[in-house]
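Next come two complexes built around chain A: one with chain B, the other with chain C.
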Partner chain A sequence: MSEAVFVELLSLSSGIVLLTAVLVLWRRELAMVIRVFAVQGVALAGLVAVLAVRESSAELGIVAAGVLILRAGLLPYLLGRALTAAGPQRRETRPLVNVAASLLAAAGLTLLALAVSAPLVALAPSPATAAIPVGMAVVLIGFFVLVTRRRALSQLIGFLLMDNGITTVGFLTTAGIGLVVELGVSLDILLAVLVLGVLTGWMQTAFGNTDLDELRELHD
Partner chain B sequence: MSLAGVLSALLQIALVTVGSPLLVGVMRQIRARLEGRAGAGVLQPWRDLRKLARKQPVTPRGTSEVFRVAPLLMLATTVAVVAVAPFVTTASVPAAGADLFVVVALLTLGAAALALAGLDTGTAFGGMGASREITILALVEPTLLVAIFALSVPVGSTNLADIVTSTLHDPGRTITPASLLAAVALGLAVVAETGRLPVDNPSTHLELTMIHEAMVLEYAGPDLAMVELASAMRLSVFLGLWATLFAPWGIAADAGVGALALGTGVLVVKVTALGAALAAGEVFLAKLRLFRVPELLAGSFVLALLAVVASFFFA
Partner chain C sequence: MNLVAAGLVGAVVVAVAAATAALLVPRPARSAVVGVGTVLCGASGMAAGIVALTGPGWSAAVAGLLPLTGVVLSVDALSGVFLSVIGAVGIAVGIYGIGYARHGLDGRGVQAMEPLFVAAMLLVPAAGGVGTFLVCWELMALTSLLLVLAEHTRRVEVASAARWYAVMTHLGFVAILIGLVVLAGHADNDSFPALRVAAAGLSPATAGLVFTLTLVGFASKAGILPLHAWLPRAHPEAPSHVSALMSAAMVTLGVYGIVRVGFDLLGGGSRWWWLLVLALGAVSAVYGILQAAIGTDLKRLLAYSTTENMGLVLIGVGAGGLFAAAGNMLLAGLALTAALLHVVNHAAFKTLLFLAAGSVLHATGSRDLDDLGGLRPRMPVTTAAFGLGALAGSALPLGPAFVSEWLLLQALVHGLAAGGMATAIMMPIAVATVALTAGLAVATFVKAFGVGFLARPRSEHAAAARESPPSMLAGMGVAAAVCVVLAVAPVLVLPVIGAASGRVFGVADPVLSGLLAVRLQGFTGSLSPLLVAAAVVFATVVFAVAARLIAARHRARVAARLWDCGAGPLSARMEYTATSFAEPLQRVFDNVLRPEHDVDITHYRESRYLVDAVSYRLRVPDRVEHRLYRPVLSAVRAWGRAGPRLANGSVHLYLGYGFAVVCGALLLLVVTR
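Right, the complex of A and B next:
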């Protein structure tokens, strides 16, 4: 793969990763948010695949396939099932920060990510490390979703966004964290989503909704 | 400016003046056909303009010069933009350059003049329309400026002619992430600025929802004709600017007869295709609640900002 094509594909896939993170903040319908999250998984797998072809490493290729299956297939499927279990409320109706303000906050967080990752990029300037701010921005936006959304499923998606961001930074900085480490992290994530999905279902049956702000008081 | 430049500027003015009511007619016809109506025909906007222009000029009692000057100012700023923008050929751009910021400022000046005229009438509708228009303008302007900034970073200039020339020399530039993000952001800004769905419904006179129509409610006769013509021309200019920035193929580099004919044909095709896509898309859209519009525009602003970030860091 020539240098120009590599840079083009790398910036395209990291651009999609960042754009989908913003779209998660923008859209209210949870079904749509899950679909956007799946697109982000595809873009992330594409990013890893581009790196794999660049390094011509079979191990990275396998990791890319694993990322695709987990983050674009399995996790959106589990989230979709949790959404069906969560009852009739399928929208994030009133986030703590309104959508327009949270979009502006996303813009601010992106700039913050650029500022804090400048020293990291300066360590080894290359096309791959130039995209580190994207991963940082996705981590920050994921954390923002986690903090400001009320529904359990939205918070779960925020957590997964953070993980996507961390994975992006990991691949861009080290070009491969090793198959075993990646496998361990993936299993962790899968387990967390399974447990939280079950928890969401239980909350629905126990309290009738999944608005976490309602869970402030203790009951007998 | 050379003689060829002046001639091509005149050609652009003539083309946009004659063509933009036809564009509005085509868009209305497409909507009508998609909605299962026969439609009034492509020439209907021109018939309306002729009818209005023949009427006797009337102005409401108590209005000042602001009300009378606004249509002229709106038309004049639009014509000035058409004259210098490289729609058909880059030869029409004066030697000093057609700065994108100046182009946007001129177009905004026309919109602001109309909003002042709406306030000047002193009616409830005029004031309401003006306040809504200014709210949307204030939210659209940052998006426009930041998106333009994103486009000018790789070129190193905000001159329209430079941007077009460098994109023609390097066609790969139009499919970079920065350019795609800027295209979407600028597209949303154009929809909001020209008052199309989902921001404003151009075919309604329902008092609760109208924005543009509320401001021009007190105009009649030739003044109304001028306002209608100017807003049709603004629509063509915005669509033309979008096409020029993101699909500049076919724009002539000189003022030869063949190149000009080709450039004219390509411009007509591009703007008509964009207008048709806009009209077809509108059939499937409902108007957003006014309080949801800032959300849409904040989204387009974020896209524009990401475009700037992308053009700085992935270039």
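Right, the complex of A and C next:
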């Protein structure tokens, strides 16, 4: 793979990762959001695969396949199941911050990520590290989703966005997180999603909806 | 192993053994075993102190006994003074406690704490490193706190008093901790010699910070204004022998801390440090004795008197620091000698007074002077003990405090020319303060003794009082004997105390004391306590004999009724009470004390011109506390109420906090880089 093609592919995949993160903020239909999240998983897997080809590392290749299966297949599937369990309300109707403001905030967060990761990029300038701000931005946007969206499922997606961002930064900064580490992190994510999926179902049966602010009643 | 080490180790071993025994021995024998253990512990510590005072110092390090720093012990003459004081108080209190504890204080926990408290106090002046010092200090605070709590099942006020004490002693501990850690941060290790080396290279600002922080902590332990609030609460609510231990021994360790850190570790420092110490001491002395003079609770009165006496001691310490900063080491030594001698004397008479007050409380169940009276025929020994203590505490001849306050005044008077403008202004004020304090102290103790013990009983329980058991009387006897010895023959302690304080400033003993006279080194001034005592006793005897002779020459005595304005026989209700005795004083100091009057007049329903009942209530709140602590406490309370508003249960809000903090931190990173 020539240098130019590598840079093009890297830019494309990281660009898609960032774009899908912003799209999650934009769309209100939860089914659509899950689909966007799956696309992000594909893009992330693509990013890892590009890196694997570049470094001709079989291990990274396996990781890329794993990321694809988990983040583009298994997690969206589980989220979809949780969505059906969550009852008839399939829209994020009243986010705490409206969509237009959310998009502006996403722009601000991206700028912040760019500014913060400048020293990281300066440590070892290369096409791969130049994409670090994308990972940081996705982490911050994921956190933002967590703070401003009401549905339990949106929270779950925010959490997964953060994890996607962290994984992106991880792959871009190091010459590859070990297979074992990645496997462990993936299992954690899977477990968290399963638990939160079950929780969503319970909330639906207990309160009739999955608005997290209903939980306010539980505090002492 | 030298004698100091043997004494200290002995004290700790005996204390631990006594505490263990307290847990195992059955109730009837428990207080006797613990009392004997406390006496042995105190005696052992006192022996170590005396050896350290007369001989060379001792130091040792045991690595591994405490994590990181190990235990470092070092005893010099200055520590020796405090070791002896604590040990001696421990002896008197140990004997007294045997009888006093039968009064429902012989539970396992309380009894086990008593010897441990004495041992912990003994270890504080023996500590030779920051880590060791802080551990011993905290051990002392915790054991005393548990002892203050001893009677919490009987009175509700105990819990509140203990809370005040716990909070203030721990805030003080935090201040000391920060101060000493800042100092130790500049040194190679945390032992005192290393700190001395490090202090020489410290910037004035850092040294000032260290001193101010430690001063806050030590002053709060010594009951100095405005950090005295715990003292008039905890002392009355603690069992009386514990009050004696706290007031006579523990409180003085605050003075030890100031002297040790200010003079020894930091090597003197700037003039403003000592002006601050002197000013705090002066304010505490006057305010403490004023509150004592108008107080009606016997033990609360004694607690305020402790604030006053520690104030006097700090006047001496501050004056010593001022003179040392001006380069007059001999005068500095004199001032510190006066301060340390006053520590010793205060320990003697305050032990006696608290033990006597405990005896009264034991017999009558009341601490309110307005309810007492008429105890002299019923409790002759306790009355004599309290009378002696009152004489000792009011700084009159025949009392030990007379000698130390005389020395203090000498130092202050001679110090007028010692250094710049600040000293010239401060010294006359300090002299006036000491004089005013002495006068008010006389009024206070005349009130406490006269109203509390003489005349007729003003309540049933005072009328039914009985003398305390022999062990309590013996404990008071020991303290009384020490008082008399210190008053008549200060020569027994003055040379070693003078040498110890001279060594702090690198000069010889500033006081030349002989059996007959105490003379000042380098100044004119001498006093002969023995001759003064002899003269007073002689004059009294002559007067009494002369009065008898004159009376005998005339015809036989005629018994007649006192003139009572024809209103019938005088009753106990016509006596002076503590409140009425203090009323003129309270009027004079009206602006300072701001008493609260409450007059309630109810009229007859039939006519508004006829009065049915008048109720009058007078309260003298602690004004410093009112002004200073109220705002702080209400701010804390408001802060506490704001807490639930921050945490309203919304998950989004909690996540939002996290998000805001992360973004804020990142922004800060971007902006500051």
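Here is the rule we use: the second predicted complex is superposed on the first by the 218 of 220 C-alpha atoms of A that agree within 3 Å, B and C clash if a C-alpha of one lies under 4 Å from a C-alpha of the other, contacts with A are read in each partner's own complex, and residues count from 1 in each chain.
The rule we apply is simple: a contact is a pair of C-beta atoms (placed from the backbone, for glycine too) under 8 Å apart; a residue touches a chain by one contact, two chains touch by 3 or more.
In this text, all values refer to a predicted model and were calculated from it rather than measured experimentally.
K.L.:
Aligned on chain A, chain B and chain C: do they clash or fit?
P.N.:
Aligned on chain A, chain B and chain C fit with no clash.
K.L.:
Report for A:Leu12: first if it touches chain B alone, second if chain C alone, otherwise both or neither.
P.N.:
A:Leu12 sits against chain B, while chain C stays out of touch.
K.L.:
Quick check for you: in the superposed arrangement, does A:Ser154 touch first (chain B), second (chain C), both or neither?
P.N.:
Touch partners of A:Ser154: none, neither chain B nor chain C.
K.L.:
With both complexes superposed on chain A, which partner does A:Trp26 reach: first (chain B), second (chain C), both or neither?
P.N.:
first
K.L.:
Is A:Ser186 touching anything from chain B or chain C once the two structures are fitted on A? First, second, both or neither.
P.N.:
It touches nothing on chain B or chain C.
K.L.:
Give one of first, second, both or neither to describe whether A:Asn164 is in contact with chain B, with chain C, with both, or with none.
P.N.:
Touch partners of A:Asn164: none, neither chain B nor chain C.
K.L.:
Who touches more of chain A, chain B or chain C?
P.N.:
Touching more residues of chain A than the other partner does is B.
K.L.:
Check whether A:Gln40 is in contact with chain B, with chain C, with both or with neither, and answer first, second, both or neither.
P.N.:
neither
K.L.:
With the two structures laid over each other on chain A, which partner does A:Thr200 touch: chain B (first), chain C (second), both, or neither?
P.N.:
neither
K.L.:
Write the angle, vertex at the C-alpha centre of chain A, between the C-alpha centres of chain B and chain C, to the nearest 10 degrees.
P.N.:
120
K.L.:
Figure out whether A:Ala100 sits in contact with chain B (first) or chain C (second), or with both, or with neither.
P.N.:
first
K.L.:
In the overlaid three-chain picture, find the nearest pair of C-alpha atoms across chain B and chain C and give that distance in Å.
P.N.:
Between chain B and chain C, the shortest C-alpha distance works out to 18 Å.
K.L.:
Show me the residue ranges of chain B that touch chain A in the complex, using the header's touch definition.
P.N.:
For chain B paired with chain A, touching residues are 172, 176-177, 180-181, 294-295, 298-299, 301-303, 305-306, 309-310, 313-314.
K.L.:
Spell out the residues on chain C that touch chain A in their complex, using ranges where they run on.
P.N.:
Chain C residues touching chain A: 647-652, 655-656, 658-659, 662-663, 666-667, 669-670, 673.
K.L.:
If you look only at chain A, which of its residues touch chain C in the complex?
P.N.:
My answer: residues 96, 109, 112, 115-116, 119, 140, 143-144, 146-148, 150, 212-213, 215-219.
K.L.:
Over in the complex, which chain A residues touch chain B? Could you list them?
P.N.:
Against chain B, chain A makes touches at 7-8, 11-12, 14-16, 18-19, 22, 26, 98-101, 103-104, 106-107, 110-111, 114, 127, 130-131, 133.
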